[in-house]
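As written, the chain order gives the labels A, B, C and D, with residue 1 at the start of each chain.
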Amino acid sequence: MKPGRTEAFSDGVFAIAATLLVLEIKVPAANGHLLSDLGHEWPAFASYAVSFFTIGIVWINHHAVFEHLRAVDRALLVLNMLLLLLVALIPFPTALLAGSLQAGQDEAVAGAAYGGTMSAMGVAFGALWIYVLRTDRLRRTTLAEGRKRQLLIRFAAGGPAYALGVGIAFVNARISLLIYALLAVYYLLVQIPADGQRPE
Amino acid sequence: MKPGRTEAFSDGVFAIAATLLVLEIKVPAANGHLLSDLGHEWPAFASYAVSFFTIGIVWINHHAVFEHLRAVDRALLVLNMLLLLLVALIPFPTALLAGSLQAGQDEAVAGAAYGGTMSAMGVAFGALWIYVLRTDRLRRTTLAEGRKRQLLIRFAAGGPAYALGVGIAFVNARISLLIYALLAVYYLLVQIPADGQRPE
Amino acid sequence: MKPGRTEAFSDGVFAIAATLLVLEIKVPAANGHLLSDLGHEWPAFASYAVSFFTIGIVWINHHAVFEHLRAVDRALLVLNMLLLLLVALIPFPTALLAGSLQAGQDEAVAGAAYGGTMSAMGVAFGALWIYVLRTDRLRRTTLAEGRKRQLLIRFAAGGPAYALGVGIAFVNARISLLIYALLAVYYLLVQIPADGQRPE
Amino acid sequence: MKPGRTEAFSDGVFAIAATLLVLEIKVPAANGHLLSDLGHEWPAFASYAVSFFTIGIVWINHHAVFEHLRAVDRALLVLNMLLLLLVALIPFPTALLAGSLQAGQDEAVAGAAYGGTMSAMGVAFGALWIYVLRTDRLRRTTLAEGRKRQLLIRFAAGGPAYALGVGIAFVNARISLLIYALLAVYYLLVQIPADGQRPE
């Protein structure tokens, strides 16, 4: 199996999941106080933006991983499908968090569910990344051990922040959402050099 | 008509159907008992995962079938469209089964509807597979009769389990769902060798 | 502008519209009479199947039209976008017709709306087809006048049946739905020769 | 990172956003006055058409921008993702405007929200365009300063009309919708020469 087909299928799931997010923003009825209704919906817009950017950045990094590949095997297909299952799930915790922040109730549970999904996606991505780095026969790139370690550390550095986001949710789900926004920025800066040339 | 276009269109339907599944998971309102509400929704998450993986595996096998093709004809287009019609339908029985398991009612009907759709998809896939194996002029691969029989048997072996899933639904729809989860694993192991190299 | 990009975008709209159809099938609640509820929903399943196949066949024919092209111009882009606007609309009249047949009310209006959308799509497709046949500089194929007339007649032959479907809706919307099912079969047989080789 | 992948991902978001618009058109229940119900829904159909064509035209122009590129860098990825975030959001203000026009309430707010989203999308597109024109190392085309200015002015000419659409919403949201319809036509005529050959 060529990586190209798997990547195209994955790209489809990324694009669809990102675009479906909008369906979770409830359209308030026009009944005379639409402006304040829209204002109350700020958590829906904020979580839409964070989730959209997160999916976009995972897509960019997914592409970077697949650039190393010359073939895919069964384990990689399973790891990839697990990642996609979590990416496709994102509209659900996004709606959950927005609804909870708007209602001012269950913020710890909703924030933890959001952070948990994001963290699980991070773990799935990390597993895929480790597998690709370790399985030399699948890669078309040659990487020294030191280089592999470096690439992995750079990715894993976001891990504690992902876990932190879940923990913080029990105190304040808004800060938790902010952490995931900052994590998106972090991965954008770390993974994509300013000139668009990957260092590897 | 080149197989490439048909395959790209089919890939789109597979990716969209898999990603739409999330819309069938109801977002519980935040009203103070979100955690227990999410817990009660376990059938929605379980059926989401089984349906997502099943679509993913049918996608992988669909790709394997199309690798044999150098052309498509009318019969193949019709069989393929029938398969896609059933793949695109999957979010419906998935939601039905989840709702029924959660309500604790109508489990036999919902489980049979889920298993029935899966079985119908299996039959449509089998018909496509048999047609491709039999129609030498459409294939770019040469297959000995013994090899064809072997490939077919390997696919058909899952058939009785599909039917069993429908039957078991009348006793316990949860076990039925478990059978379809195991079938996904079976086809993953049988159709995709560990090293990613197809034996044919 | 190369036809390839326009075709890929169009393919996306076709695949998404077909796969979104399932969202219009209402998932009945599990409350003890799910089997009879599913039975009452037959119009939703029937119209799902007819709409899915119709979109699939328009997709196949759309592809056949684009095979003639070596470039696209502004008029063609507008005609194509008009066609896609109608294709993407199909889930709406499909749900309308299903709801009406199920309720046993407003069948004439819903059937005419369904047939009207299908007819409008047919007209948009016909306009695209005529434009491609007439605009020699956009085609990479050379077609004699007689051949053009023949290709057009073969397409236009379904026109009266499209109009008939709208008219029949005022008498019986079920027969109307049946006519659109038969039209799908007609275009499948006329446009796609059994051996998959287009005569042109 | 090659522009091809970014463009394919973007195309997916454009096609999905356009096709999801239909889900925001409410399907009226069949209860004896379906015809008048459909008539009252005219704002939903009108805004569906305007939004669909607008997305289609942004897609065409997005493609035109990417034809200049030989590479993408981080800033371009961020600007592009910002544009896609706004494109994917369009179904929301579309539903908002339709609902408000139908209810005859909150038209100023809904019209401004619609125009605001369209304007923000225009600004994001403009920022992407300016960045591509200014960053010579990313382009594979050589453009004289005068040519760059000309291309920019042609794009920016629509800007005041976008702002006007927001202002007009406070007087009459229907005229506002009409302005966005005319803007779609304007960009279609300005950006795509009749013969399909771009002047640059």
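In the analysis below, a contact is a pair of C-beta atoms (placed from the backbone, for glycine too) under 8 Å apart; a residue touches a chain by one contact, two chains touch by 3 or more.
Quick caveat, the model's predicted, so the values are computed rather than measured.
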### Message
On a CA-centroid basis, which chain has its centre farthest from subunit B's?
### Response
D
### Message
For the two copies subunit C and subunit D, what rotation in degrees overlays their C-alpha atoms? Round to the nearest 5.
### Response
90
#### Entry: For subunit A paired with subunit B, centre-to-centre distance based on mean C-alpha positions, whole Å
26
### Task
Calculate how many whole Å lie between the centre of subunit B and the centre of subunit D, each centre taken as the average of the chain's C-alpha atoms.
37
### Summary
For subunit A, residue numbers touching 2 or more other chains are 12, 16, 20, 23
### Task
If every chain is a node and every touching pair an edge, decide which shape results: line, ring, star, complete or other.
ring
### Task
Return all touching chain pairs.
A-B, A-D, B-C, C-D
### Task
Within their complex, state which residues of subunit C touch subunit D.
1, 5, 8-9, 12-13, 16-17, 20, 23-24, 71-78, 81, 84-85, 88-92, 95-96, 99-100, 102-103, 105-107, 109-110, 113, 138
### Task
Show which residues of subunit D lie in contact with subunit C when the two form their complex.
11-12, 14-16, 18-23, 25, 27-35, 38, 48-49, 52-53, 56, 59-60, 63, 188-189, 192-196, 198
